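Working notes, structure below.
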């Protein structure tokens, strides 16, 4: 199959970007989108041009490092997928495909399609943990946790930190990402002790990074590769309001 | 010359003994000591966090954008721990024995025992961090049996155990970074190890955003840089997984051991074209209900469902009636390769075997099978566009885990003083083959519990050293070498990309030092590797410059190291005239095609010393002595 | 908690939004019930409505509540403005081609626009009735109450005027359809069952309110054709 690509090229975080058009011929429909970009880069190298920079690592949908805006939507026109799991067979022969980085003002473009998502790490640093140091843990079975609670906690914990939720939100809100961790730890007894401190610190960090408010459009849930539910956001709100009412702010 | 520094005493007392007598650093002095950790996987992240908790100044370096991307994240199955929660007769000794036997008796008793001994603590630690392992209705932890062992000792979090374990470690690392105990350097790559007077004293790193070359000094360096299975190009590993940190250490004097011991995972998606960048692993659990077969007829092009039962060869069931489709990974991989090599491979590229759920669906119904494997089936369909409910899956073996790595002693110190290797980067606990669900365990045990203790024994002698300056001749030289090399890559201005060389190398390795090897093939392989390396240094093309984001430059560095490591792997495979674990030398097999171990001559770990670029490495033997266990023959008949 | 925190914290901003929104929504019920008096038989409606209006404007408690309501409305508007501006800032330069809209309902994304329509309507509404009642020169009915009914009734005879009202109530309906359950979520209703319940309540409420408010001018208009 043949496609025409319009790719966002930006030399570094300070320079202004623009679109470049490239034509690719004889692609195999079984290729993943990223493998298609590999082919493009091989072509560019042979033409003595600078290849397109983009992030990817595991290429099996779990590490969260890849992520591109394809035709105006993060990770392309399928719901619940990462860019690496988007295959060319889902495009038509002769398509023109627009490729942009994931957009949010908290995500600075490093080069071309690579963005800096370290703001998400800083939210985690504020409170996305149980303060337990190595060696101090009691026996794992000393703390019974209901099967359903464990499964709910898992569903929240499955977040891969890819930033799709943020990029797909019209407000660039990090609510789904932040709330998934808060909910995981609020669901489990291990998180109980630091419950109020955690939610307040993480929400403050989220705001300090310049992410927007959640206005409950629920677009994040529709795109999340791990299908993290927006009920996590509700839980974060509950936890936060509870902390406020308890005067733990 | 090689001293593994195994502590005295009976096997079950050795680690206790060590801890009782090792030297300690008092809290006030820890502040004066710097430690560098390379990598944030399930070994590096816990090591960095734990050392930070203890009070050391820790710097952690990794090439990804955040610590949570490390490839431990992709492990699916589970993590072993001999907790005996199921009351099925499990205990530390059994876990130790299964691991040792699984590794075909090519690992140290003491290390392997310690792995099993500490396993329980890892689960406690993870649960305390909030890792949501599967539970029973009563609220206690659930277990499953994994990797063909007779007890249920595997803890799991759906099919994402690695992710959950890694995120647990990531969370404690984030906490330490937030507290300022650990400083994180994301998008940084280690280019050189700095050794001063025989001691590891720091690294040269490249900032992958600005391209700047940085010097970082430390009193000890821990390599947690993972395995090098990506040398085969097509593997289950991440695109960025590489051997460079380990190889740089090797060039500076750290021995590498068991390097040709590579585990090929039998249930991966086959390659569909030359463009392919990786092979996705499908959980081994599929083999519980799926039946593996190939057509009896060579080059049978019929649609699989049209091939009648009597014209199918369920070769694993035929050859290994006791274990059948659940035969260990190495056997399953090797058998698949045999069938493919014999011209019975299936699929458009004739490079796969069928994994058929037809009978399971008939027996349990599509719904029940969907409950068990629904997410895997969806994943398969997403990638291949074919539904395993309607036609057999196609699978093929792919490089997965490297048992070999940097040689380390009982303290996980390499042959360079103050340089440690943990997790998959070292060679130690798995012998010639790794037991399923032991890799998350080994990484965790090394990172959380071993290196934070053993490093104190070394650093206690460093409290008077003071801050290590970075303006010494050794740092100058290391930086010069690093920059020199980067400049060289760019100045070749040839015609072929680093990716091209990586793909070529992958093919050579797969065919000559792959699932099975033979003397002639390896010899040829070495020749091809050398030719390719020559070509690389004359025809490589790296666009762009040094002081900017330049993925091609990063790739070139990694491929250059792979090209050297490849030859070492070939030498290692060549030297070992026996078949053991994942190392199957075709010349050494029984009449019915089983691995033939040679305990009289090869009961040692091959530790290789670097002797110079392109020169034959020097072999050092660490003899293995088995005091408690008597090596037996692995049989899955 | 300083005032700076209130304005910087995205969650607290949203709490203000939801509480003010719910308060206004609650007022809508009362308002609608009062308005239904307009549909009584002409003579009865005439006197009763004027009496009712007089009652509302001459009771100190209701007066206070009214001012609280105005304040609430202003907070709701200003907060919305603040949130919208901040969110725009967070979204940065945005996408060159933006197709993210397929993931959510248009009204959930455009609460601001719906709000502006409602606000414009409110300005008209206040000008024509509230201002007239308070400061305008309007006749009195036989009981001596200001004859606001007459003014309302006359205005609803005009087609274009009724059309504006109906458009505004449709906007209100969509605003409520997203706003009500969204407010509950912001307040922290996270149980899956209750989330469903608040969605049903929110949407039912939205339909009832927009329909209820819309039929009054429509009926008066149709009766007088």
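Chains here go by letter, A, B and C, matching the order in which they are written, and residues are numbered from 1 within each.
The definition used in the following text is that a residue touches a chain if its C-beta (ideal position, glycine included) is under 8 Å from a C-beta of that chain, and two chains touch if they have at least 3 such contacts.
Note that this is a predicted model, so its numbers are computed, not measured.
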Worksheet item: When you draw the chains as points and link the ones that touch, which shape shows up: line, ring, star, complete, or other?
Response: line
Practice prompt. Starting from the Cα centroid of chain C, hunt down the chain whose centroid lies farthest away.
Written response: B
Worksheet item: Quick one: most central chain, C-alpha centroids?
Response: A
Item to complete: Between chain A and chain C, tell me the centre distance in angstrom, where each centre is the average of that chain's C-alpha atoms.
Response: 37
Practice prompt. Report the inter-chain centroid distance for chain B and chain C in whole angstrom, where each centroid is the mean of the CA atoms.
Written response: 63
Worksheet item: How many Å are there between the centre of chain A and the centre of chain B, using C-alpha atoms for each centre?
Response: 27
Fill in: Touching two or more other chains - residue numbers and ranges from chain B
none
Worksheet item: Going by the touch rule set out above, which residues of chain A reach two or more other chains?
Response: none
Item to complete: Indicate the residues of chain C shared as contacts by at least two other chains.
Response: none
Discussion item. Which stretch or stretches of chain B touch chain A in the complex?
Written reply: 46, 49-50, 53, 64-69, 71, 73-74, 83, 85, 121, 123-141, 157-158, 160, 163-164, 167, 170-172, 174-175, 177-178, 184, 186, 209, 238-240, 272-273, 275-278, 280-281, 379, 382-385, 448-449, 452, 495, 497, 499-500, 541, 543-544, 548-549, 551-552
Discussion item. Help me check something: in the complex, which residues belonging to chain A touch chain C?
Written reply: 8, 19, 69, 71-74, 77, 79, 98, 100, 103-107, 168-173, 203-204, 206-207, 210-219, 222-223, 230-231, 233-242, 244, 249
Worksheet item: Which positions of chain A touch chain B when the two form their complex?
Response: 11-12, 28, 30-32, 34-36, 38-39, 41-42, 44-46, 48-51, 53, 55-65, 81, 85, 87, 89, 110-111, 114, 116-118, 120-121, 124-126, 128-141, 143-147, 149-151, 153-154, 157-158, 160-161, 184-185, 188, 190-191
Worksheet item: Within the complex, which stretch of chain C touches chain A?
Response: 1, 5, 8-15, 83, 86-87, 89-100, 102-105, 108-109, 111, 178, 181-182, 185-190, 192, 195
